[in-house]
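What follows is a group of structures, each given as structure tokens.
Below are two complexes that have chain A in common, paired first with chain B and then with chain C.
Moving on, here comes the complex of A and B:
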């Protein structure tokens, strides 16, 4: 390549016309009229790749890249698996062999009941000892719901009118489970049991395995079954967008401020006015029960919200 | 205990609450609320900074239970400086990008966008303040989700695709980070950083313990470097930053990716200990990857055909710088890395907020050939872009120069000659490449183009004031870099 050509190519790159390193040789001296043709050819190729399946039209170098890519992917997976297995095989066994791991756990097990008022040590741990993490965790769920809402709630940007044609409506009706008598009758029997069980898990989190996350999941599943068997129209009568927003807002705001109060009093050495209650009773464990209810509400709403957004693109009537 | 010690708690809990609140109010109200809220928070952080500068660092027990049993957060000079900078950048990005937010997304979802930004603020603050590795992980999840959320909100094909790719890589990163945390917990029995460091020092005395510790730290490091976009994992950057709405691009490139690195530095210093880190090859690997990132990121930026991709690839190079500093190690290396976190955050967010304005006066095109003369059609955006470009190249009096100087000095302090030579070479090559592609862009946007009719833009204070704040911060970091360096050194001393 002559210095003159390099100079020209550099000038073109400076003008934003070409890719300096890739096309220095081939398009630097292509006149403008031909460049349009080249572009059209490229578009045609892209179109064909998109519509005919990519394998056949890939050029040799791209196929080569694919082979290398797959090989690297497989090798890095194997290396990662090897490293992880190696670490796990060398980790000291938990507990007796490694006494330094016990300092934290011992206090949870021995003093958990006395300090948190919860028979269920796990509830005491996640909602009292390490409540800050759980505060974050409940907002993770809410964040996920906000993201799904952004993606799926119908608005003028993601609505496609061609989808709303006759066949879609017919197909939706065909697969609509709420028109099925069998499902409806079974749901009538099952639903009360599921909802009562969900409430039981929710309210008993401080005394037995369970709590907000699991109870809320059961309640959410109950709501989904209700909608699947009786249709969204039935749900819209009591569960609108507004009800949904209010429940999540109140639950999460209560959670933030209740825990904020505990953090604030704890760190500043002030007295915490929340009674611990009698261990084993429903009203025990201090804030654990109300927090469980708040988390349960958020989880149930979120699960139902996901289902509803995926199914029809909105949570409820506005 | 002074009342100001409650500020870190307030930044986290109130931001979480604000996020939830924004979902139930209208988009306009959410925007106003977010702006006011961020101003208030900035004020509080200034007060906190003065407090920690005078009285030293403090830990804040989250609840009734003390250190190894309950959660804890900590505030020192370094955390206060980083939190304050991040908060200012967040507020300025929201203010300057507000007009694009209403153009880019459906009216009914604007409030959700601000909700995500508030949740992101909460996560950023929590990660900065945390003194507990697992709390870091929990808020990392919120950060991951919110950063995908602020991408998809444009609802065009490219951003959705970019968000899916970003999400997959981010989740891989989170998974590896979580594995690293689990291994560390299993070995040391602690999740809080200080007790973990004490046990890690005992473990490292035994060679087998050191091997397992090194691998665990390695996995954790890979996780966080995927999330922040270190060299082999930087390919998600151009689409993610280039196609997002300007506020998102600015926040993602300058705050989110830096926050992961800050967490990594915090874990190295407070949970593992720099003395133990000296015995691990992690630093050398990061050094090499950082250097490759600098060179290859700059080459990719040269090859980019539009301005957004160019700026995004240059981010990959800048992330390389930060990891280079960590790789050099020692107090000087980390100081340079942390200074560059601040300098690059201020610069890159500014550039990402000017490019959409330049594209707007070029009929919405971001390709270079259409941008000719755009700085003359929108003079303010042109000047701000010029400031950012000069800083990125490393012209004296701007922040970029100070950070390059610090990297050079850190390499000089270091004993190894190989690292010195390599650092100098990387700095020289990258400065030259940076100059090439930024100067080219500056020439392009300042060359008059008679073919395009003259737009007369009406300039709003809502755009100019935040951009002037960025410029002032940039000049401050460039001219008075010793202030920032002194504060960072003070903060690092408090870390140990």
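Moving on, here comes the complex of A and C:
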């Protein structure tokens, strides 16, 4: 390879569209007559690789490796169990008041309702006192989805070959659950209940158990059931790549700015102008309800996005 | 009564956790994992954390199980010696019905 070529390859790599194994894996440019030959060659290679393993030396090495591997696995399991049991034995007993953590608990239980306006003190904790943690959690979920997209997204650029993709599509269609009448009929009955329950958990998070993450997860599960029973064509009508981007961005940005405002005013001893409302009403708890909705939207979109990327390699139509 | 239920569930949790590791069938492992999550969900309710129970039911028993199943399908792990050519509708050449695909 000449320096020029290396420079060109580097430039292409910077541009993001280089596939170093292009000439080895891409069969799209090969004419039909040679394709069979290519496949036969690949099979031959796989056969050879598989049968090299039966060589005596390699076999002995493999056996030795297996012994070491098993020993290390057993030892690390025992050590881990020992450490965990040791820590559990030092924990305070279940239900007994522990003087070391009492001050924080006392503050949460006694002043929580007054300070956050949430009847469900858990929601008050995770979206008011500890809102920063939840912000990080939502971003972790979003980052996970970005990573899955990088790994699993299938478009023209990162398909192995058109032929292989053709097989995948045929295969997916053969195993498609949305053709199944039974699943469809059960989904018709279950879906409204699941979606309404999800929205209830989401909107009532400050008054009853639940909140952003659980509500979003239930909604996401409902969406997955919807897609599994009615196919991606039905979902594409309202959930496209763009809708996903807009919802995720707006939710995360809203969370960051709203909570940034509260942190800023709180840290500087200023008064924030967010009304707390009557405890117990739907519109209460100050920022907890909008934050619940934001977190729920991100979680629902992420769960659905995971399923969609696993199933067909894209979140929605572009 | 609740104590009996709790002890039963905890014992079953251990049984599930061990059998996930021992089973050779990946599909069975996923199903056992989902059963494990469902039992954890009931335990959360018994120790009065309904918030966690809802999340566990939706994420542990529902979504992660589904994602595991999808992964098994992607890896063709549940295939029983079936090759691509044996599948209906996957000949070497595209037929006219789906000519727009490749």
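Keep in mind that, in the parts below, the second predicted complex is superposed on the first by the 226 of 318 C-alpha atoms of A that agree within 3 Å, B and C clash if a C-alpha of one lies under 4 Å from a C-alpha of the other, contacts with A are read in each partner's own complex, and residues count from 1 in each chain.
Everything below uses one rule, namely that contacts are C-beta pairs under 8 Å (C-beta built on N, C-alpha and C of every residue); 3 or more make two chains touch, one makes a residue touch a chain.
Everything quoted here is computed from the prediction, not taken from an experiment.
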Touched partner set for A:65, first chain B, second chain C, both or neither | neither
Touching A:131 in the superposition: chain B (first), chain C (second), both, neither?
-> first
Have a look and say if chain B or chain C is in touch with more residues of chain A.
-> B
Identify the partner contact of A:260: answer first if only chain B is touched, second if only chain C is, both if each is, neither if none is.
-> first
In the overlay, answer first, second, both or neither for which of chain B and chain C A:268 touches.
-> first
Mind working out whether A:83 is in touch with chain B, chain C, both or neither, as first, second, both or neither?
-> first
First, second, both or neither for A:214, with chain B first and chain C second = second
Intersection of chain A residues contacting chain B with those contacting chain C?
-> none
Counting only contacts in the complex, chain C reaches chain A at residues 50-51, 53-55, 58-59, 62-63, 66-67, 70-71, 73-74, 84, 87-90, 92-94, 98, 101-102
Chain B residues touching chain A - in the complex, by the definition given at the top = 1, 5-6, 9, 13, 16-17, 19-21, 23-24, 60-65, 68-71, 73, 105-109, 112-113, 115-116, 119, 122-123, 126, 132, 134-135, 138-139, 141-142, 145-146, 148-149, 152-153, 155, 160, 179, 183, 186-190, 199, 202, 208, 211-212, 215-216, 218-219, 299, 302-303, 305, 367-369, 371-372, 440, 443-444
Residues of chain A that touch chain B when the two form their complex = 13-17, 19-22, 83-84, 86-87, 90-92, 94, 98, 100-105, 107-108, 115, 128-133, 135-137, 139-140, 142-144, 146-147, 149-151, 153, 155-158, 245-246, 248-249, 252-253, 256-257, 259-260, 262-269, 272
Show which residues of chain A lie in contact with chain C when the two form their complex.
-> 32, 36, 120, 122, 162-163, 165-167, 169-171, 173-175, 201, 209-211, 213-214, 217-218, 220-221, 224, 303, 306-307, 310-311
